[in-house]
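Structure incoming, see below.
Naming follows writing order (A, B, C and D), and every chain is counted from residue 1.
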């Protein structure tokens, strides 16, 4: 079953398997080529990018937590133009569409990025990442600016403001919502001994975000696709998001610990959704089975 | 070191050790008497109570999660008057002050509860619990009504709305803020097989709430005490909250798995803060040491 | 109710799916009676190395008391234990089962669950001359009973949960204890009650008990997560259970 | 870089604080060279029983290759392993250390860390006639070196991080590899550089290398959490490390 994210006057993003990596976890292109079969995934979502180059923060840090991790990198990237030059060939070779994650900095930069990316055929869609503490007005301005892109625009909502931003962002032109970015948190850095802040990953994030997806699915227009993202660590986790109303999921830090998990989830969900539509039993699909052969006629739904 | 939560025209709550249980985890009175030395704690915070009796939900549920748990009980309680009759003798026998947790239902009920509780000497303070999705106006009205109590009023903020509610709630008459209630989440019930919602407990909640405490400590008036609550599972976790600006902490579901942990944290923090004030080394206090003898003259700070 | 430590002393496989562990426990636990359980958590000597997964304690119903400080428990064989493993035990949890005086025929029903919580009562009841029948239903039929005392009559129900002599077995029983697993227990107990009512005209109070096996967060009556809809008012599995009169339960 | 499985075959205590594990590994890993590491995760046969604590993989620098499919690693004795334990390995991680041609005197510094990542190079360098000196500083002095090849000269620095012959040891070294632990590594490496500069006038490029041991989330250059402030532009420990020329590092 394919998912199409489309809007009149725009190109479509067609995702064959409703599973992709979350921005920030799988790199900019094919860094995981020796560990993951990219063809099993629905799309590649790149690491966050910006118009201007960003350098790593001085305090790059990884803090192990109980059943989780805090990470803070400063989201280094060489800036959008350099990045496109560096990776477009690798993107062209990937068997799946590339969704470029653009950090929301200013509306002017978002507009520039939109224009720049419309000229890059290797990018199939743009995902705009909204920062923490972005207000509704700023979010709307950023989304309006980014929505000038002719490709589909996904918008990733911050964890704490997800509920508040979802509707205004949708009305400002988002073609799909990604719920959510990893929540920010504070932990004691084993290295430096101080309290430091960063993104929090781990399985316990899942019940929190799953609830938001379920609630917002009931509140938002039914034709607005929601992509679930947060604490997915197993095929079951991913199915729960689909059942809560997400059309697709993004897997984040689980890939670091178990690279094969992303592929496993992708195969499971690809198979699950295909068989469900054919009225088959769940049991006929086992995550360790090879990917299902594509049906002869593969429609878009 | 004692902490005093006071306000002109009100009685004071004096907590000798900055560690107490979170409402909902330790019961209404001395349920843990055979496992925990209550004298080591700063206070008992009761399970949530209401004016009217509340019955358990039909779907009482406990869902194990990775390094955590979802719990949903419906917060059963016999209603405030019956409850006071049932437990006041047990409260009187406790060696520590009792903080009664009152669920915020309606301002009228909060006012009635305030009046009722002022007549109950065994209750030293009231903690008002604000529900999820309570708006700012409703929260303010509830706090104003509950603040008619002559005892100190602590207000426990819901997780998702903590940032938004903190200042209005403080201005409406809270003598201290408890940050936060356990976040609500959704998980698949192993028993029934459906997605169900409930409170989420586990160590990964800590970095999320710790960040809120740190941020709000910097934003709120310095004389407004913050009590940190969320994912505390070790003395180190508790110290992190104190360092982030909390005057005290509440320990939640860790007590279920390791009843002695609450006492251990209480001894550690009691000892830690006492020795810190005396310029002693941290190493002089070990969590397995017996509780420190009370200093001869114990002032309130 | 206390928190004590135990050590896994000996591990013996008893059948295809299960192993028995001998635990060296605090002597106070040798007074444990059938129906009472323990809340168990694996611990290590290094307290700082606390692992929070699994988060809640497991509920273990011992199957035997070997000596004043040795309890026997039965665990799935897939759970890995090694001799020397340290455990923290909270217990005893719950009230002992109450048997009729002059109990002649006792019927045990295990439906979609290993019958572990029923095993501790077998030797003492056999000794006092009670005739014991255990019916396994659904996936409980996969449990291999060869290691149980041979005086216990084991009946495997058929797929429709009936068995030969069903009316007689149900009618003759002075008392019935039922155990259910997998899926919503109130619904499962309701099925059991329908089954019994369909074959036995009178189902008096204090005859048919359901034994609950919910995961208990606190075990001391504090968290109220184990509350059960019993008449006249809700009761807690951890304090009042594990057995409740099924005629007094508000079933699903 | 591949994901492969390994089995713990044999466990041997080598001194008070450490044990060595022999791992049966995929043959491709026998080509691993000093400086290269593995990202390791304990796994069980039952994939559904995945445990997410610890969350990230551990970084293990093997200390020896015994046969085409046996790697040796050194682990703290307090870590519990049993023969038969399954591991998932990602690797090899990083680039082999690059030694000078005609390396005569190599100096190894271990500061507040067990010297494990330095051990694999010892036998081959000794064989080619290199003279090896290892200085332990701070808590690294607690590491018992008795099981290391006796040709390696071991010097314990004093509390102020100096040692007899310090000027000579530092001056004669053709190459220096330094290892730091506990606390901010950039600050520790800066201390090391100050120490060396204070006793040795010339510190040319490509002479003094710091070996980084950060915990690596991905190991493949994707997460960018292992980025280090190296001139002219930031580099990744997982792809370009673990060794970086300390004269090219923007130290804290």
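Everything below uses one rule, namely that contacts are C-beta pairs under 8 Å (C-beta built on N, C-alpha and C of every residue); 3 or more make two chains touch, one makes a residue touch a chain.
Every value quoted in this text rests on a predicted model; they were computed, and no experiment measured them.
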Any chain in contact with subunit B as well as subunit D: A, C
Most remote chain, CA-based centroid, reference being subunit B: D
Chain pair, A-C or A-D, that carries the greater number of C-beta contacts: A-D
Distance from the mean Cα position of subunit D to that of subunit C, given in whole angstrom: 52
Between subunit C and subunit A, distance of the C-alpha-averaged centres to the nearest whole Å: 46
Approximate Å spacing (C-alpha centroids) for the pair subunit B, subunit C: 35
Junction residues of subunit C, two or more chains touched: 52-53
Contacts with 2+ other chains: residues of subunit B: 65-68, 202-203, 233
Chain contact graph, described as a line, ring, star, complete graph or other shape: complete
Complex interface listing, subunit C residues touching subunit A: 52-53
Contact set on subunit A toward subunit C in their complex: 66-67
Contact set on subunit B toward subunit A in their complex: 65-68, 70, 160, 163, 183-188, 195, 197, 200, 202-208, 210-211, 214, 233, 236, 240, 243-244
Of all residues in subunit C, those that touch subunit D in their complex: 46, 51-53, 78, 82
Residue ranges of subunit D in contact with subunit A within the complex: 1-3, 41, 47-48, 50, 52-57, 88, 90, 183-185, 214-215, 217-227, 229, 234
